[in-house]
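Which chain is which? They are A, B, C, D and E, in the order written, and residues in each are numbered from 1.
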Amino acid sequence: MELRVRGAKTFGAFHLAADFTVEGNRIGIFGESGSGKSTLVNMLAGLERPDSGEILLDGEPLFAADRRINVPPERRRVALVFQHPHLFPHLSVRGNLLYGWKRCAMANRQVGLDDIVDVLKIGRLLDRGVTNLSGGEKQRVALGRALLSNPRLLLMDEPLSALDDTLRFQIIPYLRGACEALAIPYLFISHSLVEMRLMAERVIVFSQGCQVADTTPDALARNRMGDSPVGYINLLRLTDPCDNDGLISYAWGGTRLFLTAPPGEGELLFELSSKDMILCKKHPEAISARNLFHCTVIGIFEAGRKAGVELQCGTGRLVAEVAAEAARELELTVGSEVFAAVKASAFRRLG
Amino acid sequence: MFSLTSADIDAIRLSAKVALAATVVSLPFGIAVAYVMSYCSFRGKTFVEVLLNLPLTLPPVVIGYLLLLLLGKKGWVGGLLDAAGIRIIFTWYAAVIASAAVGFPLLVRSIRIAMDSIDGRLIQASRTLGARWSDTLATVILPLSLRGIVAGSSLMFGRSLGEFGATIIVAGNIPGITQTIPLAVYDYVSAPGGEGAALALCLVSAGLSLLVLFFHEYLARRMARRD
Amino acid sequence: GELNLSAAASLKDAINELSAVFVQKHPEVKIARNYGGSGVLAKQIEQGAPADLFISANPEWLDYLRERKLVESATIGTFAYNTLVFAGAAKQQAAGMNDLPKLRKIAVGSPRSVPAGEYALEAMRKAGIEKELAGKLVMAKDVREAMKYAELGEVDGAFVYRTDALLLGKQAKILFVVPEGLHGRVTYPLALTVAGAKKKEARGFLRFLRSVEAKRILVRYGFAVK
Amino acid sequence: MFSLTSADIDAIRLSAKVALAATVVSLPFGIAVAYVMSYCSFRGKTFVEVLLNLPLTLPPVVIGYLLLLLLGKKGWVGGLLDAAGIRIIFTWYAAVIASAAVGFPLLVRSIRIAMDSIDGRLIQASRTLGARWSDTLATVILPLSLRGIVAGSSLMFGRSLGEFGATIIVAGNIPGITQTIPLAVYDYVSAPGGEGAALALCLVSAGLSLLVLFFHEYLARRMARRD
Amino acid sequence: MELRVRGAKTFGAFHLAADFTVEGNRIGIFGESGSGKSTLVNMLAGLERPDSGEILLDGEPLFAADRRINVPPERRRVALVFQHPHLFPHLSVRGNLLYGWKRCAMANRQVGLDDIVDVLKIGRLLDRGVTNLSGGEKQRVALGRALLSNPRLLLMDEPLSALDDTLRFQIIPYLRGACEALAIPYLFISHSLVEMRLMAERVIVFSQGCQVADTTPDALARNRMGDSPVGYINLLRLTDPCDNDGLISYAWGGTRLFLTAPPGEGELLFELSSKDMILCKKHPEAISARNLFHCTVIGIFEAGRKAGVELQCGTGRLVAEVAAEAARELELTVGSEVFAAVKASAFRRLG
């Protein structure tokens, strides 16, 4: 998906001036309260008319002030999960869920009620009304309703803030997986850095109505610690899971990795942050980290106060980051041999 | 206790028919007008607003005369219909039109109060889920203003049951054809000794509106948000 | 065939009986009767309401239609006459127009819309008590309502027609008859409309109304016929 | 274009006075009744409901007669008042009472629709913040049903301006004292050639209701949720 | 404050049966979505009538089915911040804030408008209406409104979920401080373990309408470590920042930590996930992790496939997590000595 937004909107003292282009399917929007995030998604959904500018989704104009184009919301195929659930009070949970689905062209109906119900754990609510649902139940129904409308772009305005952690982290992989499988790109607004890292591959940061950064969730997380170096997400394709005394081992780069993640079918994609790797010059004889790679440094790059270290581990490659001081201390240079320790729980499954 | 003459029974049947027809016929227009007034803004809205309230403010007698002028042979509408061989004046259609004219502002106002209190976010939600405005109207706005629609309908039905001034002018007071309950009651109370019969008719009228009220309550309960 | 009557409301009972008698003799005729204020009836006819015979409570409205060529001039005639009386509670002491200023409230038909009211006002004017009565008059919507006020004791007396007063209950009675000289004669004119003149039944009914049998019925209801 | 006679001007002044008085007097009762019907449940609620709707359903003529019987010398209320030297019938108070009786169901219904659509959580919030029910009524329920109150008042005002059937019976049609616009209009249209004067009066009546409407819109705009 | 709740409430298929007594001023309520938390606080506030049982606040009955006592909400002096803000739409922000304050007896007015406005950063909103506020702005106003009513007990139903992290962690210390200073005891519902640990001293855990545990936030966090993708969050209060060759060192637990975070004023709160710690039996001589603590194991607990390891590091305590297998392999038992390695970038500043 390519989204081009150039738009201004003024509400009294508040002035929003967005001007950015993003490509990718998992975009995050981050910003303090009142910075204009909700206003932005309302403009994208066609609910708020920008004062000027244009909005292009995959090259197709949704709004263009100069060409007098303003596609109405129902023809944008842009679904929106609001900050508050806003369920239809006169419909049952089922009626709410199916509202968008019924209005979606047959050809676009890729996700059905049953898939959603299981994941969101709302099976026993289906025939209830929505007024007396608990906060979290409502939000799950709202999420299901938007997904079932099989949109071309899904906008989510803090959709998970009413959910408890367990549920949240159960829903996130599904949400992301479903969106990936159905090729539904999304824009995800959240205040939670963890959610952001799990959901977004790119983050637009807003402050007082302007985007102030276009970055990765990881970099954002570091940024917010006051650090600037660019982080690196290692993507690992793992195969052949075996249960291995409580952990699961997977084949990767000619060696086996030990993970806490449960096994899955076929080739699975995991991510490993450069943050989650610790390098040792010598073999640490007894270490809690379940993965210890003997690697060769094949590159070093500076990134602010940190150093990025490119490692060759068997046939695989990984990027680790260490404090600049540590890089000196460990005498890391191209060709050095090091041990990289990674905890079994550091791998995050994507999708 | 009270015995009803066959003319009375005709009047009751006719009143029920007229009130029902007036309500049913006005409903789509009432909803459309309320929708337009609640959700659209256009030039001359104030003028339309005044026009809508006029039938309420004008004495029913005047409305009767105006309708007579409009629907009469020489009137705009009446002339056209006359050419087509249709006569309205002195038929029960005229009673329906009179009732509809008098009750319309009540209907529209009730529906508008309900429509105005619908959360705009729900409408936005339905739009983003792919519903066109007509679809949103049918599946979100109407169900959510059902309380107002039902209340407005029962106001209109009640007002139609009681309508006298306009009806007697456009529909006449012809027993068995256009004599509704209020006209019959008027005839009774203006003759000495007719109080008993008038009371009986009034009770029937109250009973009819009670029926509508129960139906209303029943609907309201059925559509009450479920648990 | 069908016959459409438009008649002043105060004639309702008499006409009901008259038409019943007529229909007995001519079972093939159906009569639809529309009763109302004369003005309303005239305007309805003007706007094309179906009416074959129009009986007005005063000549003005018949003239109104004649001017507009809606009635057949040749058929214009008098249906009946009525008498203006003053009715009130039985214990009330009023034997003539000159006793009226002693009373507190008097009901009359609203003079502009009710012919009886107009006649009553004329009578008061001629009797020279108009000014004295100015604040005491209650203008009723029609004669029957004026009578009701008298019956309920809300007013001390009311100017009504003899035909109406005959229907009064025990609470009220005719106190005196307003002298003929004080007002124009209370006349109910009638005419066939242009459409009615073409109908055999209408001409037949008009003939029946002028018959002795019809006049006997009218007299029974308290009308004068000559 | 049209000239108004002094009697006409009296009628206009009286009509405005009656409509205003009827509205103002009914308002507190209307609010109280709507509140009770919306928020309380009690035995015999259906009966009250029917009673409330009765004046709508009954022909105004009948209401007039009933009021006449009630307020007349021999009536329950009228008898008491008569003993106290107060007369209602044939005074402008009677016109106010007639208008109030006929318009009351409209007022209550409008207010109820608005009250029914207030979010219960707001009421709960005010209670937990220390507001007693009367306080909540004054500071949350009333402001939030203002739309309905204003709409109901303007319906009632309009209906009062047009009220004919009941007024003419209890108040009489006494020029300068109880002759309101509809009664004057009735008089005009009942005599040949009175159409012009009737039209002039109707225009004034429409103008009055327009004024109320503007006031209504103005209030609605003022209390519209701020940015 | 002593709160005794014994109450049952049935809604269709859902059955709440609470029976607990808590003492203390900072009570947390934790539980999955739909477990009855909101129902419980509604009963406490007097908005929902229990089917049976009794509720005693400091010995005073608020509700007692057998004695037919049911104190109306306005006389309970129990303020409630709802899951959704539910502001009065006809009042300005100021009007909303002062609503409860005006209804509070003069003697009880300990907190005033100005105090609240500063902390919640809503000064520039005061004269606005509430309809167009952003989600976070609304929730802050709702919080202020409840606080200003100077209640005897404050119930908060996920009050912070609409706020971004920065704001949230700025508000938490104040909220807690204000409640402490004014001696306003509170019940705090949250899905966030971190919030819970910052706000509550004791937690009642609900599940399917019954309290299943009465524990401390810390114990709860440990308990749930196994399920949580973010692990157990150690909270560290660091002081005395010094710039130290690119990194910042802070004093903590008698030793110094090296962080990439920029220095701040006074005591600063940081979080460190149990996932970001690697344990070694022996000193790993050259390691990229900038922090290496020599610690003593003072406790081990199981958490699913993982083991939680409580460590004493100088005077500080930390919880690390290792794969169960690793715990065996490293022969971790109470009293073992281990080295804990933590990267400088693993610390995350709160607020």
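Here is the rule we go by: a contact is a pair of C-beta atoms (placed from the backbone, for glycine too) under 8 Å apart; a residue touches a chain by one contact, two chains touch by 3 or more.
Only a predicted model underlies this, so the values are computations on that prediction, with no experimental measurement involved.
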Practice prompt. Treat each pair of touching chains as one step and give the shortest count from subunit A to subunit C.
Written response: 2
Worksheet item: Going only through chains that touch each other, what is the minimum step count from subunit A to subunit D?
Response: 2
Worksheet item: Which chain's mean C-alpha position is the greatest distance from subunit E's?
Response: C
Worksheet, complete the sentence: When centres are defined as mean Cα positions, the distance from subunit B to subunit C in whole Å is 34
Fill in: Separation of subunit B from subunit D, taking each centre as the mean of its C-alpha atoms, in whole Å
20
Worksheet entry | Between subunit E and subunit C, distance of the C-alpha-averaged centres to the nearest whole Å | 90
Response to the item:
The positions of subunit A in contact with two or more other chains are 11-12, 84, 128, 132
Worksheet item: In subunit D, what residues contact two or more other chains?
Response: 186, 189, 227
Discussion item. Give me the residue numbers in subunit C that touch at least two other chains, ranges are fine.
Written reply: 40, 145, 148
Discussion item. How do the chains pair up in terms of touching? List each pair.
Written reply: A-B, A-E, B-C, B-D, C-D, D-E
Practice prompt. Would you tell me which residues of subunit D are touching subunit B in their complex?
Written response: 46, 49-50, 53-54, 56-62, 65, 105-106, 109-110, 112-114, 116-117, 147-148, 151, 154-155, 158-159, 161-165, 181-182, 185-186, 189, 198, 202, 205-206, 208-210, 213-214, 217
Discussion item. Could you list, by residue number, the parts of subunit A that touch subunit E in their complex?
Written reply: 11-13, 31-34, 37-38, 83-84, 124, 128, 132-137, 140, 157-158, 161-169, 191-194, 198, 221-222, 224-227, 245-247, 258, 260, 275-276, 278-282, 284-290, 305-306, 320-327, 329-331, 341, 343-346, 348
Response to the item:
Given the complex, residues on subunit A that touch subunit B span 45-47, 72-74, 76-80, 82, 84, 86, 88-92, 99-100, 103-104, 128-132, 145-146, 149
Worksheet item: For the complex, which residues does subunit B have touching subunit C?
Response: 65, 68-69, 71-75, 78, 82, 87, 89-90, 168-169, 172-177, 187, 189-193
Worksheet, complete the sentence: Seen from subunit D, its contact residues with subunit E in the complex are 119, 121-122, 124-132, 135, 139-140, 143-144, 146, 223, 225-227
